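Next up: the structures, one after another.
You will see chain A twice below: alongside chain B first, and alongside chain C after that.
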Partner chain A sequence: MLVQEAVQEHAAAAAEGAAEKFNAGKTIIEHVSNSGHDHPLIRLPHVLGIDFSVTKHVLMLWLVAAFVFVVVTWTVRRYLKQDRPLPTGFMNALEAVVEFVRDAIVQPNVGKKWVNTWTPLVLTLFVFILCANGIGLIPVFETIGLLDHFVLHTAEDSFLKHVMHGGTTATANFNVTAALATITFFAIIVAGSRAHGAIKHWVNMVPHGLAWPLYIILIPIEVMGMFVRPFALTMRLAANMTGGHIAILAILSFVFLFTEMAGRAIVGIGVGAVVSVPLAVGISGLEIIVVLVQAYVFALLSAVFIGMAIHVHH
Partner chain B sequence: MPDNDPDFFLARSLKYLQENIRRSGPAAGASYTLIGAIILLGGIGYAVDLVLGQAHWFLLGGLLLGLIVGFYELAKTVFRR
Partner chain C sequence: MDNPLVQPDPGLFIWTIVTFLVLLTLLAKFAWGPLLQALESRHALIKKSLDDAQQAKQELERLQQESAQIIKTARVEAEAIVSRSRSDGERLREEMKQKARSDAEGIVRNAERQIQLETARAVQQIRREAVDLSVMIASKIIGRNLSKADNESLIEEALKQIETPRH
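On to the complex of A and B.
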């Protein structure tokens, strides 16, 4: 009944005038992108011309970081306090994840000598991205929004109203994935420098024993390749996380588009029940797989690039 | 454990799947780098064209350079000993 009321309310609003027409593209972008600086959750002053106000994706980053820190620390501390060193409950799952990242992702790429050095970084990236992707699938703010709309009725400038603007998946923001890829970028340099020395790492970037004119071509290509790798990581993760959400919202927007076209809410509800909701449920199921695969691929590629800096072959 | 045991068969299949995914890591890296190089350098070329307000020569140059860098990274992966 709530859905029917909402759709009828929307249809009534749409009938008021052409200016109020449902704009699917705008609505979808508003739901996947970061909240704008006109709707900051916490307004902070400008520093050196940069607005430091806390937006939705910044809040999500904090929440994910706090969640991962608290859950992992609490689980490990509880395990260490046990008399018997046998993992139980959630610690079993955590241990399986740690072993999987170490044995299946890091060790085959960086080798046994460096596995303990680079597992913590790759594991942190994996767990953080997995949680950030996963929390993006849970309709927390949508539920709060419904509660606010039908029960709480808070003021227009309330925190709850502000928190409704913008998407929930922080990893769908290119700035977030760029920051994660920057960590990998510096990890590649540190890995090569630790394995071969600060100068030898840069010398190793190009093959040895070639005619000098070839180096004029190869050195710029290698330097560009160095920046292209983190760029590929950035684009791939953010694009994959955004794409799934856009597909779901585009399918769900059929409800409102068909309501407007027919001028009757029942048509929109029918399209929603027969087409939109089943399709959206199916794509949401795929999104669960995407959440896992994207975290895995980011961790795997980071390990591969770090391994390439350690084991140089030309 | 016998070979016809369904649990063992599933475990062995998953192990092979994991091994294949692990081996495909460098290839995935090279493929993403190829696409990333074309998009990044093509994008830089497009931005330079916009700033200079001229025809799309920098875009073409960027795309070509992206292909060269991308294929170089791909070749490094393929011919890796």
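On to the complex of A and C.
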């Protein structure tokens, strides 16, 4: 993947020609950020001043959602069609994930009574984030870009060229993670309201039976806490998903920076072979762990917050 | 704030929520719900199977104990039957022997009595013959026939004399 990325970078740089200087920062930002609204994949009208055009990250969300839905539903349906409930093949892995989320994430936090209510949400969060994170590691679009550059030669404003703009990791975009955190935010309120009633949930947010002046301090703190939790979820996931990609891209930029500095491609390729590619491979390995851990952390914290609304401890 | 990494994008925000909620609804309906239910029912099935196995094992143990008990009883009974039939046989043989012996004794005794009777009758007959002969011989010697009355009284006398010394 990284070699392909490097080659593509090199090809892109070569295509632009020596006249334009290589700007590492600009290239990296372009590779991790969403495609701009000035050239969306599908242009849609503004509604209430909001641009609903389909950008690359919207496309990625749809691809991930479709992938998750098809794979999970197909696996589960095939499993349930059997006369005897014997899990085979991928169903074993899926079952392990489902039981892990149910027994290790949801149940310890929300308790036995609500486990079946909240497991689907936390499971969907976990699987969706995991796949969105994971697809960001696979250079699908870089490969398509290479193919386009060397084989297909599509027109400058073709759909393929548009798809090439922007990063592939939707969960590296804080708008996406903020939306997911918003889901958790409302899930917390729904969980508290369902467990204690619509009014009792808000009363539960502060401890009972304190001297009244304390509430003047406590209520604003608790209200802030209510918003800080999803904000932390938002930033943690987006920053983690962006960070690794930036590190990989920065290290791969050495190839072009050294090429420019020395004025000879062989120097850049040498640096790439000796330093950039091994380091980037190492960081990619680390990224696989980060991808898993961040999906787990998001799901776990969502379950913890939902559990806190159900089991009020002060 | 023209860094594209920190551009607020309400469209993407709303698309994410919509996409996620649609995915959640579809998965909950078609995958998670049935799967969680299936996992629970399988859990129950496994628990039931284990319980059944445990029960079957206990039942088997009970049956084994029972059959061992039955075999033991049967063996004891068989032994009793054998020993009883052996003693029965013994007794029967003893009885038969006893009977045979007593039969044989009876036969012998009968034979002895028969012999005695026959002997006595023979002796009687011999005696009578002897008397007749003696009378005939005596009358020839004497030369005259004694009167009938004399004769008879003589015979009686002689017989008495003969019989008396024998007893």
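Structural remarks
The rule we apply is simple: the second predicted complex is superposed on the first by the 295 of 314 C-alpha atoms of A that agree within 3 Å, B and C clash if a C-alpha of one lies under 4 Å from a C-alpha of the other, contacts with A are read in each partner's own complex, and residues count from 1 in each chain.
The rule we apply is simple: contacts are C-beta pairs under 8 Å (C-beta built on N, C-alpha and C of every residue); 3 or more make two chains touch, one makes a residue touch a chain.
Since the model is a prediction, treat every value here as computed from it, not as a measurement.
When both complexes are overlaid on chain A, chain B and chain C end up sitting side by side without clashing.
Of the two partner chains, chain C is the only one that A:51 touches; chain B does not reach it. Look at A:90: by the touch rule set out above, it reaches neither chain B nor chain C. In the superposed pair of complexes, A:231 makes contact with chain B only, with no contact to chain C.
Shared-chain residue A:128: touches chain C; no touch with chain B. Of the two partner chains placed by the overlay, only chain C lies in contact with A:72; chain B stays clear of it. In the superposition on chain A, contact of A:22 is made with neither chain B nor chain C. Our summary of the superposed model lists a minimum C-alpha distance of 12 Å between chain B and chain C. Counting contacts by the rule stated earlier, no residue of chain A appears in both its interface with chain B and its interface with chain C. Taken in their complex, chain A has these residues touching chain C: 29-30, 32-34, 36-37, 50-55, 57-58, 61-62, 65, 68-69, 72-73, 76-77, 79-80, 85, 95, 98-99, 102, 116, 119-121, 123-124, 128, 170, 173-176, 178-180, 182-183, 242.
Interface residues of chain A facing chain B in the complex, by the touch rule stated above, are 104-105, 108-109, 221, 224-225, 227-229, 231-233, 235-236, 297, 300-301, 303-305, 308, 313-314. Here chain B touches chain A in the complex through residues 18, 21-22, 25-26, 28-29, 32-33, 35-37, 39-41, 65, 68-70, 72-73, 76, 80-81, going by the rule given at the top. Those residues of chain C whose C-beta lies close enough to touch chain A in the complex are 3-17, 19-24, 26-28, 30-36, 38-39, 41-42, 45.
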